[in-house]
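Shared chain: chain A. Partners: chain B in the first complex, chain C in the second.
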Partner chain A sequence: MCRRENNDLSGNDVVQSFITGSGSFPTFASLNSQLRILVLSLLPSTISDPKNLGTVLHFIYLSSGEGMGGGIRQLLEQVHRLSRRCLFRVLSMGPLPTHLAFIMDGNRRYAKKRGLEDGSGHKAGFSALMSMLQYCYELGIKYVTVYAFSIDNFRRKPEEVQSLMDLMLEKIKSLLDKESIVHEYGIRVYFIGNLGLLNDQVRAAAEEVMKATAKNSRVVLLVCVAYNSTDEIVQAVKRSCVDKADRDVERIQLVDIEENMQMSVAPEPDILIRSSGETRLSNFLLWQTGNSQLFSPDALWPEIGLRHLVWAILNFQRSHSYLEKKKKQL
Partner chain B sequence: MDFNDPMLALSSSIGQIGDFGLDLVWRFIHIVVTLCLIVSGIFELVESYAISLGLIQKYSSIDIEKLKCLAVVVDIEAARDVSKVIELLRWLTTIGVKQVGVFDSQGLLKKSKDMILEMVPRSVLLQETGENNISPDSIALEFISSFDNKEAVVKAANILLQKYLKSIHPENGEGENVFTESHLNEALRVVGECVHVPDLLLVYGPVRSHLGFPAWRLRYTEIVHMGSLKYMRYGSLLKAIHKFTGVRQNYGV
Partner chain C sequence: MSTIIIAFNNTDIAFNISPKPSMEAVPCSQLYYTVCLLSLHNHHHNFLFNQFHKRMISLRVPAPSSFNLQRLNSQALERRWRLGRDCFLSFSPSCVENRIGLGVRSTKSEMAPFTAAEEETLPEGLQPELMPKHVAVIMDGNGRWAKNQGLQPWDGHRAGVEALREIVELCGKWGIQVLTVFAFSTDNWIRPKIEIDFLLSLFERTLKSELETLAKNNVRISIIGDSSKLPKSLLEVINEVEEVTKNNTRLQLIVAVGYSGKYDVLQACRGIAQRVKDGEIDVEEIDEGLIEQELETNVTEFPYPDLLIRTSGELRVSNFLLWQLAYTELFFAQELWPDFGRNGFVEALMSFQQRQRRFGGRKS
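Let's look at the complex of A and B:
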């Protein structure tokens, strides 16, 4: 029996297999009577979204015992995914943020807390990032920005900076793999920051990913690397001045600086989440967060999970009308 | 066709009932969240009264020297009640804070600055005194609005543009590099802005957001949400300042 290696349930092929008997899944006709009744009873709640129906059918297929070989973990994963989809369906009854920003703080403290070797915290942090991105894109959040590496971080020990650069290179290259999250969700990736400060290999890899994903338009991931908000503002002022000088215009306006900000490719963030309980922005998106809700869960970044995201969104939904009013006042 | 119409109507009705059910669940979740926040609010209220009465030992002394510059962001609705702002500033004077920047997005407090300076004992205007000339027993106040944020950067950018245009070589058309953080910093001072970075920013409003406080000054500022100005509490203020004095920053290193 062929199995979906990546457990991606777009739903339509599973539904089709169930109805026509083609493909690798059993048909509706071949289910026992209890399972048939289960499918029929679950139909109304999944009718608005075929993906849900595909997930339900796949869950039933797995629980029918036919795919049990090595499938316990996959079964649990399907249960989590189904529960998550139900939760997100409920959350989508209220306003949802369009743009979420994350400061991924606490990787080193996590490694120290767990007694891990140097660098393991960042690897654990990357896994947490992938999970968080998956949740955001499943929820339908179009823009996600992450603070991966600050200009200030270059002042860390050279071996730590080199290790971070190596990890970044490895992970940036992996974004181009066919099985990566970029292809799964059709993500357009931007690397925002003073890329000239990066070594040639990392910069080239980042540029390759930006070029390769330039045609994607479903969702957007902005990775801030070698970034500072104050540097972004200075670079925007510089670009505005050089542009005005070239055109013999002697006056800069706010719209010129706004257009030249690197983050102008995305709307302002609705929520900015900084893990590890710290309450400062550390020179991240200072210009763009005037109307953003700031959230600082105590969890270290590798410990961040769905519950923190859900709590942030519930609070956002409570404050949404106030923040919309603020935006109109400006 | 005749068979499909009732089926479509049925599935539409099922969909609507489903959405209604989901909406009920959503509202229920929000009721639970509200109850959790009310309970947590009651605990905070009790704690703040205990702090005000001096019942919690650790808040009885604060190393105020660590707090060089404090900023307060006030929601625009709250800024209309100047008496509460004056009361807050008096508390800060009692605690021993030396420099306070008060921000509201529309500059309502700027318009009332004369009254505030009169009503807050030993207060001086920071712009007149300068950061280095504040006497030990006074409090320097600064009044900030959104015009000191992006519009100020635009004014500073125009100063840099003029410098750049004057420095352009006729032969190669290139100008001097006047585009560094220190150049922009200096240009902001020239247009009359204070560029001092507050150590701590207290937000009095419904949401934890800096509401457009000058971005250039927020780099490493600790941002703490204090709730509504109308229900502000001295104990909560002490707790926030005390917590700040325990923070250790590594500035990215």
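Let's look at the complex of A and C:
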């Protein structure tokens, strides 16, 4: 982003850099959607004189940098936030889910579709995850589970696995930052899975985050890394066998297995959302999603947005009364 | 020619469906009926045929196109068939006295007999090498279907059995090797007793009557689930059916009665705990393969379904086949189960064949 010292550049230079993509200015393509709309709406008035356009763009860049406090961007964000709050207030009129689970599928396909390099799909996926988390916690959903990395994914090419691990390490460490979403919403983070399969650095970072957020209690984020539902069940069965080794085998009940599951810190998910249109569970939360509503929008994970979340919740509300009736019968 | 029998007395009308007038196998979806009305007063005709029409729909049989009334005396009737009271509706006419036998016949086109060895070509669009080996079905929507048609819930279940027959037939013809159906879940025990009794007796009767057809068509039946709550007579029939068909190879039909995915894992856990206690295996040796062996689906070579179909538009798995569904493709059909026939099944298979299954890896 530009700094104050670039003030003396002429409008023409700005336009040139903007169009050709050279220099230190970001291009049109890299602007976020709000700014793009703003630029396009200003174009007609400035088309006669490029210098005008240049000054306008200059102003936009300045406003979106840290220098001026990010004027326009902040304004747009405030507008969005307000309209979201109204929308969420309407949604809260009906029953809201307590626990949402996401399978973040489609990052590589997204990168391919956009013609980007391989690793950037996952980065885009991460920012989509952050915005989804923000929406969920603003709406008041207490538990969110995400499927970050499966044990089956270790079978991919070593370079890809390594780049994913590096990305995860970077992002896990960033959760500890002061401005991260963790502190903003008071999130308690759990890392669920066979953490022994991860390399030492990632595991250490994960444990550090878990320890640091252990006191938070407002909302909970469960990140499943090196996770397979069948693996989780095997571990729980092992622990139950050890616990009940001295007692009668027939005494093993469902609760014994359930309390030994790593996911027992959260209730069962109400909705399971899998992006990219595939309808399968892929060994995720098999035990816990017996009665969850399954939802598979066609959008790839980086393309997932507020509308998918709202649609999922509306569907949940529609079938909620019928499900509650059934639950009462049980 | 198909005809229907209705027995009619002062207060109720009962249907008896005699499925096979001859000993040759009859196509499952086309049944023979003989109709006889024991007593009928003139102005009850319309009402009766209305009810009768509704009953036909509940049996998933196209209603007769015309009625042909004939007089039969009651003795000829006794000789021909036994009053089984399969279907039943209450009716109190204002005056019914003469016990006159009347026959009603409908015209229907000729039906081709079903031959066991027939291999039907797949419908257009389906590729034989991409057919799933194991298909699982949640037969949901019988109650709602019956309600929509203005019938009782048990009529919906009967219609469901007919739909199941059709699907079993298609699986056998198209080379699907295992078909698992979710007949009765542990959650269903909370339904009203009359419905549960009907369901279990329907199950028993269907098993008995279909045993011959299944044996002839080389179908193997296995029943999985918690059998402790089932009535003894049903258990005996189950044992007999499993024993008789255990060597058949064409299609394995697994019926889940009193089954729940969590219960299955629990009993596997108990089995493993027992083995650990006996010293047969070490706790450290417990892994996924061991649990797979202990699950109830070990009766088949392909315990993991490739495709799960759930009808009636509900988007849930409802605790059916938990462990085994790890990589199963799910298909949710909008129709209710009695309406889910061949068309719905073809649609599900086509959707399955278009999916890319990666099992966590990368598609090369």
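Simple rule for what comes next: the second predicted complex is superposed on the first by the 249 of 330 C-alpha atoms of A that agree within 3 Å, B and C clash if a C-alpha of one lies under 4 Å from a C-alpha of the other, contacts with A are read in each partner's own complex, and residues count from 1 in each chain.
The definition used in the following text is that contacts are C-beta pairs under 8 Å (C-beta built on N, C-alpha and C of every residue); 3 or more make two chains touch, one makes a residue touch a chain.
Computed from a predicted structure; not experimentally measured.
Asks: Chain B versus chain C on the shared chain A, clash or fit?
Replies: clash
Asks: Is A:S292 contacted by the first partner chain B, the second partner chain C, both or neither?
Replies: both
Asks: Where does A:I233 make contact in the superposed view: on chain B (first), on chain C (second), on both, or on neither?
Replies: both
Asks: Is A:G94 touching anything from chain B or chain C once the two structures are fitted on A? First, second, both or neither.
Replies: So A:G94 only meets chain B here.
Asks: Thinking of the overlay built on chain A, is A:Q317 touched by chain B (first), by chain C (second), by both, or by neither?
Replies: A:Q317 sits against chain B, while chain C stays out of touch.
Asks: Determine where on chain A the residues touched by chain B overlap those touched by chain C, and list them.
Replies: Dual-contact residues (chain A): 150-153, 155-156, 229-231, 233-234, 237-238, 240-242, 244-245, 250, 252-254, 257, 278-283, 286-287, 289-295, 315, 319, 326, 329-330.
Asks: Looking at the complex, which residues from chain A come into contact with chain C?
Replies: Interface residues on the chain A side: 108, 150-153, 155-157, 160, 228-231, 233-234, 237-238, 240-242, 244-245, 249-250, 252-254, 257, 278-283, 286-287, 289-295, 315, 319, 326, 329-330.
Asks: Along chain A, where are the residues that touch chain B in the complex?
Replies: Within the complex, chain A touches chain B at residues 44-45, 47-48, 89-91, 93-94, 150-153, 155-156, 229-231, 233-235, 237-238, 240-242, 244-245, 250-254, 257, 278-283, 286-287, 289-295, 314-315, 317-319, 322-323, 326, 329-330.
Asks: Going by the contact rule set out above, which residues of chain C touch chain A in the complex?
Replies: Residues in contact with chain A: 187, 190, 261-263, 265-266, 268-270, 272-274, 276-277, 283-284, 286-288, 291, 314-319, 322-323, 325-332, 355, 357, 359-362.
Asks: Can you name the residues of chain B that touch chain A in the complex?
Replies: 11, 14-15, 17-19, 22-23, 25-26, 29-30, 33-34, 76, 105-106, 146, 149-151, 153-154, 156-158, 160-162, 164-165, 168, 175, 179-181, 184, 206-213, 215-216, 218-225, 247, 249, 251-253
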